[in-house]
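Next come two complexes built around subunit A: one with subunit B, the other with subunit C.
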Partner chain A sequence: MATAEVYPASEPERWTYLDRVRTRAGPFTNPDAFDGTVVAEAVENMKILVIGAGGLGCELLKNLALSGFKNIHVIDMDTIDISNLNRQFLFRQADVGKSKAEVAAKFVEQRVKGVKITAHNCKIQEKDEDFYMQFQIVVCGLDSIEARRWINATLVNMVDEDVEDSYKPLIDGGTEGFKGQARVIFPTVTSCIECQLDMHAPRAAVPLCTLASIPRQPEHCIEWAHVIAWDREKPFPELDKDDPEHITWLYQKALLRAHEFKIPGVTYALTQGVVKNIIPAIAATNSVIAAACCNEAFKIATNCAPSLGYPDANYMMYSGNDNIYTYTFRHEKKDDCPVCGNLARELVVDPAWTLRELVDSFAVRPEAQLKKPSIRAESKTLYMQSPKSLEEKTRPNLDKTLIELGLANDEEIGVTDPAFATVSFKFKLKFQKSE
Partner chain B sequence: MLKIWSMILQKKEQQKAENAEGAAGGKKKKVTAAQLRVQKDLSELSLGTTMTTDFPDPDNILSFILYVEPDEGMYRGGRFSFTFNITPNFPHEPPKVQCREKIYHPNIDLEGKVCLNILREDWKPVLNLNAVIVGLQFLFLEPNASDPLNKEAAEDLRLNREGFKRNVRSAMGGGSVKGQTFDRVLK
Partner chain C sequence: MAEIVMSQTPPILHGPSEKEKKYDRQLRLWAASGQAALESANLLLVNSGTGGVGIETLKNLVLPGIGRFAIYDEAIVSEADLGLNFFLDEDSLGKARSQSLTAHLLELNPEVQGASYPDEEGVTDLQSLLATSPMFTAIMYAHPILPEQLSLLQTYGQLHKTPLVAIHSAGFYSYFKINLPGDFPIVDTHPDETATTDLRLLSPWPELVEFAKGMTKDIDTLDAYEHGHLPYVTILLHYLEQWKESHGGAYPLTYKEKIQFRKMIQAAARTDNAEGGEENFEEAAAAVLKTVVPPSLPSGLREVFEYEPKETIEERSSFWIIADAIKAFHAKHKALPLRGNVPDMKAQSKVYIQLQNIYKTKARQDAAEVLVTAQALEPGRHFDLAEVELFCKNAPFVKLINATGGGGNASPGSVDRLREVTAQEFTNDESAEVTLAPLSLVPIYLALQATSHVVSASADDILAGIAKVVPGASDNERVVSAACEVARAEGGELHNIAALTGGMVAQELIKIITKQYVPIDNTCIFDGIESRCQVLRL
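Up next, the complex of A and B:
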């Protein structure tokens, strides 16, 4: 545009107040990064992905739509359960059984005119890198650590130093009862979810022997039915935690055990809660955390104010258990992080090499000098120096060529060596015929 | 491209000089964090003379069998095997370990479930497979009557240590104790 006017958003009147924030620099705005005249356009053109359309996801979609984002995708594999309705406010009783992503997308589209929300009713693992590549920002409202680790590893692995667009900020929210966290990850630059794995408290478990011999609480009786009685009696081939018949079986077992030890309090609902590890979700905690995540997305998109994540603090913890306490700090990147600490380096190899030649070559590589390397590809164990049984089984591979072993150009291998107790290496094979 | 990235990447570019061989992106099969961690744990395993492993499918290192052959204590002369199943969520989750034989032990029930604190309530991601196998080995050297999973065996150990020892021997030979027949585990 020729004039220095602020680039108008569609429906400028509607966003008047938002524009007061997003088009003006604040005292801490980075002057090199901020250009208030293009902000509205930039946000409208940005594609943002929300992972999860549950407690946090509903809040995130609503907040992002009301913050001027116009092209939002949402992905969730779940269907709506009646117990979601107390806090997942985009859903109604008639929606029970329908896809969360689809219902949430439709609701927000209808409520906030001009927003396009694309729903993906599937697991995040079903989408490939091309899918994730189309977004500028990814926001997670997940309840599973496994899913977080997966998306984190995917975004870190997508980074290609020569392609600026391959860098995707990841904003991750999480809540548990009155507690929660919001964090921002700039893949390969700042500490990632794998670096921060120890920040997640492991699921609280009761010793097996307590369950077996001295249950004291109704939860112990239910866990006993779940972990011990089920395995002993196997009433159905596989436990389906969503099958009322299976839960009923566990409930009745737990009830008998509770009578035996005179423990009151075993109910069907408690059984379901313990078996599915349901932590009571608190709507307002979700609001607090989703609001923080949305604001970070907004600031990253507009640069109107410094965001969480870089260069200083990247983690905000929120604790409402005991009064209110919140603290923001920088979680350091770990050099030995298996995801971001050792990105795969390129390794030029001749595909006609035997595995033995590859193993020996590690001893002389200046950055590695591995004397006893063990090597695996994603789905193939190439050679393990130990334990003995695995060494014997993989020893015949040493005389096979890389081609014979089924390795392909660009395939990744993991290399470990007991001499480097804390580090493991990843290499990406680059085939090159030697003369 | 987000503006913030151009700022960050400029800085990164400056630091990169020291680290000449940088990262390479790629679209092919990736080694997962759980696999790499198990690979590392396995290459650091110290099995000594009393333990061996078996990998039915060497390409799947997340599933294997550990054999323990105690050379002292009440279970001396036996050969016990445990299945190890590791989920993709390792090391956030502990490995799932189960004894394959029906044995007479206060901390292992008749289905093979093992009461070892680090397999459940005390597991932490900093622990490794070596810690688990040391724990298993310890269970045979020092069966623990105060954390019973097999209540009768624990009671037996507490009340009559010599009688318990005899019952262990007879169970290990495939005999029966208190109406239960056990698997023969003698070498």
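Up next, the complex of A and C:
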């Protein structure tokens, strides 16, 4: 029945189904990029990195192991929590407290014969460029925007136009409830995570005065306990959001405040949700998004079918709340992207602002989201968060207005943040008086 | 001081149970009621073909704690199974596939029960399984399936009103099709919170009018703090009255009038302060377009109102009786029962809580009226107030899936329906370049469907099969490509496509079992080459 020959590598019987597709061209295969005779072996020799061994990460490891990849690394600093067990299917009750990366790697190695999985139980920021340079593809299943931005900036910075191996395709997945997204990034060639940052705007913070004097919602009472009461009473030396005793303390405080203001709705689960910023997560959605990511990794590695990323669509949005929708489209690269673009991004500011107001604004602007910015103008340093001596020296600038600091319309500033050690974000000041 | 504080603490403060901890991330989506529904569900998977997609689906249902599952699978584990299915290993080789799969799936969640068939205790075929097993909540089957097995399942589904889910995954393609036993209404659809604001500013009831008047009667002489803390609802109500006075008693209803009204609000904000404006007036201005609206009847609810269920009144579920009661409420009041939620807005705590209570009280009164009407419609039946309240709260968002009849279309599942939809999709595709709409995925469905009962087929065989079902379709260039792509896989699954499809099917089964969120109606086709899907009613 076969319409063309297959070209297996090791274990031909085991990979029967995979070889039919990966070693034979289909109607959509690009013949210039595809050589079926070598593809199976090439994939076996590739090194692929999985970032995150959580809900998406467990799925990613399973999917890659069953997509013909034999040399997989996984990196995650987290330990297993009981609330992971409803979806992180490589973990059992007895694994609670152990390293996610190590348990996940061991499980998949044992289940799928011949696959080698190397676990790294650490932060992604602890690894250097040499580490990331050894992989051909990076797949990300993270729940933090910061970590995504860090690996994105790192991979973009690693690109050396003269070295083909320095381009590492980045595939990134994310989920929330019944929704999620999968995207493919070819660093410096297509739109990067920083280009797409405004699609994931941070939630607006509740004004401090609302928390302090006019709470109206149960969340306001919980934030009050978290931000104000905790600092005032310091019941434990340091807040550990995973310690039930600490959460219970916050819950009781929030409950008292809610009683005082007759606000209904404070519960333990809500307290935990607000304080830890919990995002609902289920196995089914992780299954969809991780598989979408690995399907792209498989196509990129084999060229047996066109992948997302280039030249057309690079982003798939998925929503299962109401019916099922996917929206697969092309997100354009931005010339003023602070990470992959050449132009400084325009930043509308009021010249009457103090430098402090400018510094604070970086955290909440959807296009910046920098929590600890240090700022340099073309000719001088305006404010440095560290080292301490420089911070002290530049601190007086915080109370000066932008005009007083000699800044001009259209002037470029450089912003760095400890979360993105290697990157300097370029912005161009656009003066606009607020009304 | 500490003692006083503690004595005010409410006495019961137990933290979450172990089970609540384990299921925390999903309870935030479907709550204890949804979890209870999952835990009492009993699913059957009839596994055939290469056997990947059904197991990936089950994995995603065992993890969140489905009550019980059964796998019927006649295959013996081969080497090729190990390259596709994660829930098999070296030790499984040569053993019954259903047994190894069941054992490995059960490791995922000790609270779930599972069984595998055929077994050694007399259940040797599908027929005897269906005859002896406890009632199934839903049945999934993977293509290619033997025609005689399929007809057994269809008979069972009709007899017991069991939802059937057909799944087919091959190479980069898949589809699944949900066959619900009848109309399927959903109340708890979880609309986006931002879409639910209903403030009734154009038809305020006496308590709300009185409250707003009390707050705003001296609006021009209020001190800065009070003026800056008027909740925007009262600001809008106050200036709507002013507007009416200068517009012959009419409300601002057109877009142009609303823009003018918004300017009126913006102009009323005080600017003689440090901020140069007032946040509550900004909120009021921003809310004009969305909240200054007359009551309307959303299309989903209109469909429910106009629908005639096949059953007699006595046989109907309480959903239909409550829907009739709400219809009567709407006819009488020219508005739906009030949802009763008030979005957060700048206001003093006490004032906001008062306002919230005015809305909540009205919502409770409306629900109580609906309950009385429902009881009058069906005097012998008991109606649960909580159910009526949930329906009233969600009335604008209720959805009816799989409504039968109406529309003049051929009925779903029929060949006529498939021909009709295919013709329509091909017509749409002709103008796709102009409309920028994505091209139809119906070619994928046609190509997979042509291999519903055979392990594999050549592209020519597939095209011949398509031509028999939908004459002319096999000439379509995209259908030819889809047939080649399906032939390439020779009935083999790719794990990624199986996992992705299994995730979607699991989401749908969760929605159907919990009766929360909105399931598809009725077929979802996935293209793993372009990474997108399309839902069609076939």
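One rule holds for everything that comes next: the second predicted complex is superposed on the first by the 304 of 435 C-alpha atoms of A that agree within 3 Å, B and C clash if a C-alpha of one lies under 4 Å from a C-alpha of the other, contacts with A are read in each partner's own complex, and residues count from 1 in each chain.
Here is the rule we go by: a residue touches a chain if its C-beta (ideal position, glycine included) is under 8 Å from a C-beta of that chain, and two chains touch if they have at least 3 such contacts.
Keep in mind the model is a prediction, meaning the values are calculated, not measured.
When the two complexes are overlaid on their common chain A, residue A:405 makes contact with neither subunit B nor subunit C.
In the superposed model, A:147 makes contact with neither subunit B nor subunit C. Look at A:326: by the touch rule set out above, it reaches subunit C but stays clear of subunit B. When the shared chain is aligned, subunit B comes close enough to touch A:188, but subunit C does not.
Legend: residue contacts after superposition of the two complexes on their common chain; A:282 is shown touching subunit C, with no touch to subunit B. Touching subunit A in their complex are the following residues of subunit B: 1-9, 12, 21-33, 35-37, 39-40, 42-45, 47, 52-55, 58-59, 61, 88-89, 91-93, 107, 109, 111, 113-115, 117, 120-121, 123-126, 147-149, 151, 154.
Chain contact summary for the complex, subunit A toward subunit C: residues 1-3, 11, 13-18, 20-21, 24, 26-28, 59, 62-63, 65-67, 82-83, 85-87, 89, 92-93, 110-113, 177-178, 182, 210, 214-217, 244, 247-248, 251-252, 255-256, 259, 261-263, 268-269, 272-273, 278-292, 294-296, 298-299, 305-306, 308, 313, 316, 320-328, 435. Interface residues of subunit A facing subunit B in the complex, by the touch rule stated above, are 30, 32-35, 129, 136-137, 145-146, 149, 153, 157-161, 163-167, 169, 186, 188-189, 194, 197-198, 200, 202, 204-209, 212-213, 227-228, 231-232, 300-301, 303, 307, 310, 338-339, 343-346, 367, 372, 374, 376-381, 384-390, 393-394, 408, 410-414, 416-418, 421, 424, 426, 428. Here subunit C touches subunit A in the complex through residues 5, 8-10, 13, 15-16, 18, 20-29, 50, 56, 59-61, 63-65, 78-80, 82-84, 86, 89-90, 107-110, 171-172, 189-190, 229, 276-277, 344-350, 352-353, 399, 438, 456-459, 480-481, 484-485, 487-490, 492-500, 502-504, 506-508, 510, 517-521, 524, 528-533, 535, going by the rule given at the top.
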